[in-house]
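Labels A, B, C and D are assigned to the chains in the order they are written; within every chain, residues are numbered from 1.
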Amino acid sequence: MAGNTFGNRFRVTTFGESHGDAIGGVIDGCPAGIELDLVAVQRELDRRKPGQSKIVTQRKEADEVRFLSGIFEGKTTGTPIGFIIENTNSKSKDYDHIKDIYRPSHADYVYDKKYGHRDHRGGGRSSARETACRVVAGAIAKQVLGKLSITAFVSSVGEIKVTAPYTELDFNEIENNPVRCADPLIAKQMEQLIKEVKKDGDSIGGTITCVIQGVPVGLGEPVFDRLDAELAKAMIGINAVKGVEFGLGFEATRMKGSEHNDEILPNGLTKTNNAGGIVGGISNGMDIYFRVAFKPTATLMKDQLSINTQNEVVTVQGKGRHDACVLPRAVPIVEAMAAIVMLDMYIEQYGKLKM
Amino acid sequence: MAGNTFGNRFRVTTFGESHGDAIGGVIDGCPAGIELDLVAVQRELDRRKPGQSKIVTQRKEADEVRFLSGIFEGKTTGTPIGFIIENTNSKSKDYDHIKDIYRPSHADYVYDKKYGHRDHRGGGRSSARETACRVVAGAIAKQVLGKLSITAFVSSVGEIKVTAPYTELDFNEIENNPVRCADPLIAKQMEQLIKEVKKDGDSIGGTITCVIQGVPVGLGEPVFDRLDAELAKAMIGINAVKGVEFGLGFEATRMKGSEHNDEILPNGLTKTNNAGGIVGGISNGMDIYFRVAFKPTATLMKDQLSINTQNEVVTVQGKGRHDACVLPRAVPIVEAMAAIVMLDMYIEQYGKLKM
Amino acid sequence: MAGNTFGNRFRVTTFGESHGDAIGGVIDGCPAGIELDLVAVQRELDRRKPGQSKIVTQRKEADEVRFLSGIFEGKTTGTPIGFIIENTNSKSKDYDHIKDIYRPSHADYVYDKKYGHRDHRGGGRSSARETACRVVAGAIAKQVLGKLSITAFVSSVGEIKVTAPYTELDFNEIENNPVRCADPLIAKQMEQLIKEVKKDGDSIGGTITCVIQGVPVGLGEPVFDRLDAELAKAMIGINAVKGVEFGLGFEATRMKGSEHNDEILPNGLTKTNNAGGIVGGISNGMDIYFRVAFKPTATLMKDQLSINTQNEVVTVQGKGRHDACVLPRAVPIVEAMAAIVMLDMYIEQYGKLKM
Amino acid sequence: MAGNTFGNRFRVTTFGESHGDAIGGVIDGCPAGIELDLVAVQRELDRRKPGQSKIVTQRKEADEVRFLSGIFEGKTTGTPIGFIIENTNSKSKDYDHIKDIYRPSHADYVYDKKYGHRDHRGGGRSSARETACRVVAGAIAKQVLGKLSITAFVSSVGEIKVTAPYTELDFNEIENNPVRCADPLIAKQMEQLIKEVKKDGDSIGGTITCVIQGVPVGLGEPVFDRLDAELAKAMIGINAVKGVEFGLGFEATRMKGSEHNDEILPNGLTKTNNAGGIVGGISNGMDIYFRVAFKPTATLMKDQLSINTQNEVVTVQGKGRHDACVLPRAVPIVEAMAAIVMLDMYIEQYGKLKM
């Protein structure tokens, strides 16, 4: 364990700081012979990149991925796929004012204590910029998975939430609004809220719901490497995530067994899907769905009290370009991590030759 | 990855089916030279065992652990600690009526589909009986961790919940009531609810809150093996768990950054602890706290519809001896898994010689 | 990494000290639905056990394996196979004279320095007794592998060696002589040498050759987890092993490329097999063969100088019951570790469902 | 396991094909706060690069490493160190004649069978060019290890070998001759032999001896992850390596225990060092030394028979620029892999904070 590799059979290792030369990664264990659509990979990156709409940060980062290995004549070779994303617009000067300051609810303080020193520019390694690498790996995983579909959308921002079950939503609406909410009317309200919060120099949290369809029965390796346990690790491992729940989740804690149990039908599927498609840590053939909790962005455009490296009280100034709400940009990250887990577990169960 | 090992530096591998000869495990990576209190280990097992009070299952299982290696003259030797718990009261006849039946919301169906056949007796490998092995490993981890304290308690059963923050609770109350709730008045109500549900042949869910105190700054290995991500995997990996949230968790999704951010004080601690002691995946020296969601027990004392191995609709009879609410017995399991994660991360950061 | 687990997809974890209560292990990742011949497993253990012939140690150890889980109705269930071998004849009194002594070329000294204290009885964890657990796992791996055949034999003892290539030997002879040499005439000479050495209270080294036949093309995971690299780790990990060579091995270092290269024939096989069946870390469909070097047993029936735990010079007395030559008993260990590696790599390449 | 990561605590993941855009890697788990001498890293790469002397291949490759992350203000940050080496002089046209041909004793055939298709240019992933990435990681490991010294030299080429024990050699001579032999007179003979072999269009094998000095007692994680077992895996994982032996190695197989045992002295060191510094898989404080066997280079400047992808017999033409003897360039690779193993084991034992 050294912290920067995720997955076992399909595994991604990432590197790179927010304002270093480049970020990048290595994808190992990708099955051979898969025709990759690299334009589709870039498209996923574009869904995560800054400046894509008015409600996200206006920083300019090209986020162009360059593949260095593992692909030959358009197909994966089964050897590791190395890639980099150059940091073209890294105004590290922008961060001089926080060089010796520990920002509240950021990782500055813990990185300094853990490692002794840190690259403070833009959050360094703890910056969410690193997740671009996960999006690259996830986009490839999605393509390998083929018929499985993995769809995430913003299901709440602050108090505004989608109340309809996902089965009643039209996923085609997700990319039609800047919030990436599957309900267009709710999306409008969310957009409005984000704009208000932004105007105040504040930020706001929310939830993302992820739905995985077309999953075969049998994915997941109990008793520890359960499908839901791996998904939970993947989700909590995303910057700003503070919770995850599968199926009815916390709501199930208030229910009786007679209400919650899912009756099994003659075709092996279940009448209800309160479990969210995973039983005993193994997929049961129903849709997998789970909800991920994001805290509000730690960076504010307001002054805050904190300390510096000399343990003196200082005022952290609110300046720079940041997201008042990270959720719209986090949607492709949730999908990416879900795809990595699903492919990892798929190869574990079926082998890498069965793609 | 083969599923039955948890941890990297301090790692536990478990084996055993509910009604096989024995369950057991191997603890590898335990630091050498630690004096172990084996009576305390057995005490933790007793907190998990059936028949301990009127509100849990009345099955009789001795759950006596026998250590086979890795301990010499009362101290750990640094070599693997092997242990077994014989299954003394395994009435497998009790399970003949479910031999060919897939019980609703149990893992019968997915195990059969994944592995081709299964030991159906008492749930076989998917039985929560396996968690006794985790409790053994966790009890040892707790002792190695020394000054760190790890305390879990039942914080809700159905709609009845502890409303006071954990800081206002007296943890000494936890073992004073059969529910293992830290609030004695709420405990009474929970006990009453469990009894009613039991009388109806039904079951009920709930939540367990876990608090870890005395944690040094710096535990956790970003970007993937974050402390919270590992804890999340550990918790979701417990039978019947459907969700986990750290600090304010889902509540944080409804907050603004200006409300949620934790101001850092000159001593490095934070004024509030909305983050729950983990920032950027690394412990920040504050108390770690998180909440775990348990669905209601799948086994009911009521008849339910399901299918058999021939895909025919059948009635699953409600009989046997089961828990109407698993939470009181799950408290030591949550603590055990938390202890395993904390020790694993502690060794990762400080090495195995620093105990 | 905690040291006591071998393998990734098919993995064995062992525990136990020479004179503790029991040794044992957990086999995780064994494919489900395999009918196991447990008598054949015990037969492999009997090939390793003490007292089986006049040229090995006359200690009496029953070495009876008891399986605790993972097997139901005669077939593997895909869940972990736990097993123990009780230590029935552990005369730890026999070892009181070495309690405070570091025996030459034994691991006593390094264990004490590494772990701070150790179970000194019979070598404790560093005893070759632990390899019985590997034999159990290997015997199961052999059965899962089915058509692959893995055959080891003693190819030299001291200066006496088999000169014929393995292709000219009759492997049926191996179990017909106590040395486990595939050449019956050479076996006689080896037996004679071992008896002489034993009479002198001395010990002698030797080599074991292992041949794996029926291997499909494509096993091995370059660039690091090559088939030969994994076999090398497995072999050097056996007690007393000091070297390993694949194909022509060290002899190849004295050759020219035009002599050494193996011409590829239209059927994909090679005219010669100087490479020993592995090219670029991947099996090429030819027989795999390699040779393992065992140093002479460290325990002598002669007095030797060494030091005690107070760093004082002492005489280590030569007494007890030991092997003058470990090679006959090491043959099943070499086969077992080879089988574990081959199955691990087989599952990696073909998946666990293809057995 | 996906094959392209080596190490556990200090781990390197490599990517890249011989004639792709770039090769590179990620070093994860490097302790923080280490001042790195990047010029020294490049110097190690230069010892491996083509064209450095008349006896190695005359291909021109700049092999300039570019670090992308993990280093800030000259010091390691504890975060992953990403790096790339661009492939500047990749004349892939040179390889058109082998596009559909499986060269004898190369990995062409097995890669095609394993992965279904391959990047044939210059050997693709199976090219020794990949080892440049290992040299980068090893050069960093060496610097972190500080006082430990790791020295490799060519100890034989064909029949010509260094006969003096390493303790009588002057390691300063190694870089004074193009063969990298520690004995200048033997070096001359080796150089002459390599030139003759080259003139014939042939190639020649040899051995490299590696000596590690200043090793503390206690490195190595038995029973499987022994120090020698990990070194063996590392060495056999180097292209063209067919054998490895520790201490006296195969010579020990011909010895008696009374000759081979190393008497322990009052200072804990041993009178002789036949074991090569590792006992029971753990370093004992003596020099570690081992010998690595390299087969002759597979590529010849002579015509050879083989088959093409249509299984037809073809003549493989001898053309291009290749090494008649890889050993001089392999010396830094052996050192690099040894350094990676030593640091990995060092962190495992002492933790990452004790550097």
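Methods note: contacts are C-beta pairs under 8 Å (C-beta built on N, C-alpha and C of every residue); 3 or more make two chains touch, one makes a residue touch a chain.
Protein names from UniProt, one per chain: A, B, C, D = Chorismate synthase.
Predicted, not measured: the structure shown is a model, and the values here were computed from it.
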Listed by label, which chains are in contact with chain C and with chain D? A, B
Farthest from chain D by Cα centre, which chain is it? Let me know. B
Chain pair among A-C, A-B or B-D whose interface repeats that of C-D, sharing over half of the contact pairs by residue number: A-B
Chain A to chain B: how many Å between their CA centres? 27
Just how far, in Å, is the C-alpha centre of chain D from the one of chain B? 46
Distance in whole angstrom between the CA centres of chain B and chain C is 39
Which chain B residues touch at least two other chains? 1-5, 8-9, 14, 114, 125, 349
For the protein chains shown, what form does their contact graph take: line, ring, star, complete or other? complete
Within their complex, state which residues of chain A touch chain D. 1-5, 8-11, 13-17, 20-26, 28-29, 32-33, 66-70, 72-73, 75, 77-82, 84, 114-119, 124-125
Which stretch or stretches of chain D touch chain C in the complex? 1-6, 8-9, 14, 102, 104-107, 109-111, 113-114, 125-126, 130, 156, 158-159, 197, 202-207, 217-218, 220-226, 228-237, 239, 242-250, 252-268, 270, 274-276, 279-284, 293-300, 302, 304-307, 311-313, 348-349
Please give the residue numbers of chain D that touch chain B in the complex, ascending. 347, 349-354
